[in-house]
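Each chain gets a letter, A, B and C, in the order it is written, and its residues are counted from 1.
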Amino acid sequence: MGQAGCKGLYQSLLDYKTEKYVIAKNKKVGLLYRLLQVSILTYLVVWVFLVKKCYQDTDTSLQSSIITKVKGVTFTNTSELGERLWDVVDYVVPPQGENVFFVVTNLVVTPNQRQDTCAESERIPDALCHEDSDCPPGKPVVAGNGVRSGRCLRAGSAQKGTCEIFAWCPVETKSRPVKPLLGEAEDFTVYIKNFIRFPKFNFSKTNVLDTRDKTFLKSCKFGPKNPYCPIFRLGSVVSWTGSNFREMAVQGGVIGIQIEWDCDLDRPPSECNPRYYFNRLDNRFSENSISSGYNFRFAKYYRDAAGVEFRTLFKAYGIRFDVMVNGKGSFFCDLVLIYFIKKSNFYRDKKYEEVRDLEGLAQMAESSRQRVAPEQQLAEQPEVQDGGSGQKENGCVCRQLLQPTRITR
Amino acid sequence: MGQAGCKGLYQSLLDYKTEKYVIAKNKKVGLLYRLLQVSILTYLVVWVFLVKKCYQDTDTSLQSSIITKVKGVTFTNTSELGERLWDVVDYVVPPQGENVFFVVTNLVVTPNQRQDTCAESERIPDALCHEDSDCPPGKPVVAGNGVRSGRCLRAGSAQKGTCEIFAWCPVETKSRPVKPLLGEAEDFTVYIKNFIRFPKFNFSKTNVLDTRDKTFLKSCKFGPKNPYCPIFRLGSVVSWTGSNFREMAVQGGVIGIQIEWDCDLDRPPSECNPRYYFNRLDNRFSENSISSGYNFRFAKYYRDAAGVEFRTLFKAYGIRFDVMVNGKGSFFCDLVLIYFIKKSNFYRDKKYEEVRDLEGLAQMAESSRQRVAPEQQLAEQPEVQDGGSGQKENGCVCRQLLQPTRITR
Amino acid sequence: MGQAGCKGLYQSLLDYKTEKYVIAKNKKVGLLYRLLQVSILTYLVVWVFLVKKCYQDTDTSLQSSIITKVKGVTFTNTSELGERLWDVVDYVVPPQGENVFFVVTNLVVTPNQRQDTCAESERIPDALCHEDSDCPPGKPVVAGNGVRSGRCLRAGSAQKGTCEIFAWCPVETKSRPVKPLLGEAEDFTVYIKNFIRFPKFNFSKTNVLDTRDKTFLKSCKFGPKNPYCPIFRLGSVVSWTGSNFREMAVQGGVIGIQIEWDCDLDRPPSECNPRYYFNRLDNRFSENSISSGYNFRFAKYYRDAAGVEFRTLFKAYGIRFDVMVNGKGSFFCDLVLIYFIKKSNFYRDKKYEEVRDLEGLAQMAESSRQRVAPEQQLAEQPEVQDGGSGQKENGCVCRQLLQPTRITR
């Protein structure tokens, strides 16, 4: 570039280029112009701030715990088991009362199995044989119950039989009862205790009435009059999903129970209420499809007087309930507050344990970027996490951009 | 401010200020200008709408249920246990067939433990002693098996020994077998049944072929020809993660199985297919590190004829499989549809049970802000949730801004 | 529209309308103008890029596995059970060492229950009776232990009694011990092994020191000097939540342990460290509320010499620990890199197994839209997932817009 070009560039670099305006000194046009401005401002304030609540800060990192407890007994009288009473300990698996629990509704029992040799079940395609050579010793039966001993067992003079196997004998041969053994489980109830906490706002709540009246939970049922009595009849839960308990009890299935907490924490805590949703989470439209139903096998192990182990095998059909919690809580937007309201503590209710310092929040947003050495972190005793979920929220984010967090435990 | 100033302000308030435009009546320049406009519009329509599918509504609140079932038997012959056949009930923990299951591959068995006093294991550093005063009675052994009785047990004239403890005796002393006891578990199979549902679109699907042919699942194997037969050989699953089953079986480990449903619901349901990913979720690169492997202890409890309890302690090494599901479904964007297409139901296939009314959606988006009283919510019978996931999506959000929801149950 | 109108439209369609500019050749104004431009640019580079790290790509689809192991023994001497030692197998439920485990701290034991008839507990409101007609035979007692036989059992000449029931007899009648039976569990320790992986960046790490020194984990304790020894004393964990272990042990409760990995992968892996948070996840402020505490019942089943089943029923109070992992990893933003840096592999450390090809990523973003046929997907052997989390990230998204993914398994 020549000297002239350089000089031109330098000059044009310092040119100030601006748009040329026309100012119309006309009252009618001016009034219209200002009206337009005011309406845009009104739109922003009314729609974006008040209706859409864009000024709010949202916490989606919900902490939640679920405790479940099933109640109910039923009596059965079968040729196999005789008279038998079933209580919760007998029919709920696992017993711990977590968010997923299985209620046995139908059973195939094979008692007194011992390690021995016996004929494989005729239902296993791979076990059919005509002669001993069809049963190579030591080879497991595919999808079967044991390892072949080398003999083909045929009843009398039959041409076909099944391989003899080394297994827990006798093997399970009975079919699923057509009528569910524990169909009465329809009337059992489940108590679902849910505790939630929004760490950012240090707000917590349960779905159970906070009372000292010990008889409350012994007598109440969930309903319009008792929204804070989360005790549900199993049969009703199933019917709310559009299914029938007795039908479902035969083959088993999965039910999803969803608890949703969508809380506007600018309002009083009493307006932060749980909502319940019930869904069937297995293939209800293909009753006869191979993929329908839910069952599993478990056993109780015993030892006889000689110290030899034996077991009772149960093939349990039943309904699994998966309780899921999701939700979010909203509160005044930090950004807006940091700039416009100095003493925002005023807005928090006394009933929340601690009030988050907004300036502390700003610092936190900074500090989460700089690595915290474990020494700093665990000074003497890690403090109760009050908003340290590590989620920064410097900008004002509209709710619809935020997805609910699903927590399954 | 004086009267003049006020008047000036009032006048300038009603001034209408606008930019001054030049209109060039030149066909070449004009053509270029319009071409530019058209290309921007084309970009928007083609790229943003058709390619990026920004017009779509996305549902990330996937509901999912997993049922797993392991099949396979194996035979072992050890000096300790004699001839023994292991079936699913023996080696899968827990038995319920949930999304996390553990397959025992190696075992240390300590039979016939009773509450008694005996010598602590020599492997416990805290139990070593020279004389009785090294064993303060009543003090538990750190990371040990029992509570000290006060005596130091030394074999013969040895200088060092271990404290006598009150514990389940004899204590476990054997080491992990170098060759996995149940290495044959490599050939076991697992059937992973997954049902998913996008509540917003009321779309559901399973990963199992919808057939009534009962033999299908008894004979099929997952593969290119059978993508809807989710039956996996355990050895193959481990090899797909880059590990070796027999090596992993010695010390144990964790395998993650991820099922991903990324569905464009504008296309037919048959194009919404699951994809499977397999990962090793423990430290495979530090085989000899202290943090490698996976084991736990459990026991079977018995009572002898006199009613005294005894137990068999198992230290089980094995592979835990964690099945995780994530996914999202996309459909026409609400915003665009609400404004431009009135009767959008037309677009939904008849095979979906119910079609969500878009106007209902708009109301829902409103109602989720106003607290719903429990009476309203639970009128008579809670309806099947059809889109009430509480997730509002008023704007058109590009897919890449949305993260997949992980559901672990 | 007439011909004239058409012609006018056509002409105005090709008009090129632009703003009219003023160029002020004034050095002072020009300098000011350029200074303003430079400061905006500086703001963008320094604040948005360097401080806010908007150029980074973020992976929130964390994969995680948790293995837990409790250690500790305690000795009890009660009239009921005699001298008894409790080890991990006795008091931890379930035994598998998953991310949720329950430590029994208090027990009500009802030994030798058999299927028989006996009087219902007086605590069950529904079982109270004055005469036999109050006990309709076959009807289960609501929230009770069995099915009515039809008789009303009254002690001596008392007016009131309870119905006779068919149940597991004798029924549980004892109250919860006021002093926790296993209060010593305070000194038990739990080892929490966590392995995480960011699939997008193929970065993985554990929270345990990578050493071959087998004694390390036998002697270390979590603390400022040992941040990579995740062995926690249960009593300390409870105290960090602001609660007292002995008090909590009486009725039970739930503790949440959160592990957070917020990793800037532009820095060395040694700076990607876990942070631990401890919270109480049940209603600690309503100690006497009906919704406080955590307990469940389980049983051990036995058979006597005659083959008749009997069981010991346990009502276990205790503390459930829920370990949750969340986190995200950030790395250079794709968009920026794709355009400006061709060989970005340079930036990745050799210690990561594989380096993701950025062009591959761009293709992946494309391919995730086109349906992948299972044949393509499962060619011979599904490759280890290297970034195929299906999450596209074409734009530069600020961190604060992204929420942490919570993974509970």
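Note that a residue touches a chain if its C-beta (ideal position, glycine included) is under 8 Å from a C-beta of that chain, and two chains touch if they have at least 3 such contacts.
Since we're looking at a predicted model, the values are computed, not measured.
After Cα superposition, the angle needed to carry subunit A onto subunit B is 120 degrees, rounded to a multiple of 5.
Looking at which positions face the partner, subunit B and subunit C present mostly different ones, since fewer than half of the interface numbers are shared.
The mean-CA centres of subunit B and subunit C are about 11 angstrom from one another, to the nearest whole unit. Looking at subunit A, residues 19-20, 94, 302, 305, 401, 403, 408 sit in touch with two or more other chains. If you check the complex, the residues on subunit A that touch subunit C are 11, 13-20, 60-61, 63-65, 67, 69, 71-75, 83-85, 87-90, 94-98, 184, 187, 189, 193, 195, 197, 199, 206, 208-219, 300, 302, 305, 368-369, 371-372, 374-375, 377-379, 381-382, 384-385, 388-395, 397, 401-403, 405, 407-409. Contacts from subunit A toward subunit B in the complex involve residues 19-27, 29-34, 53, 93-94, 99-100, 102, 115, 125, 138, 140-141, 143-147, 166-168, 223-224, 227, 239-242, 254, 256, 258, 260, 262, 264, 267, 271, 273, 275-279, 281-283, 286, 288-291, 294, 296-299, 301-303, 305, 311, 313, 320, 322, 324, 326, 398-401, 403-404, 406, 408.
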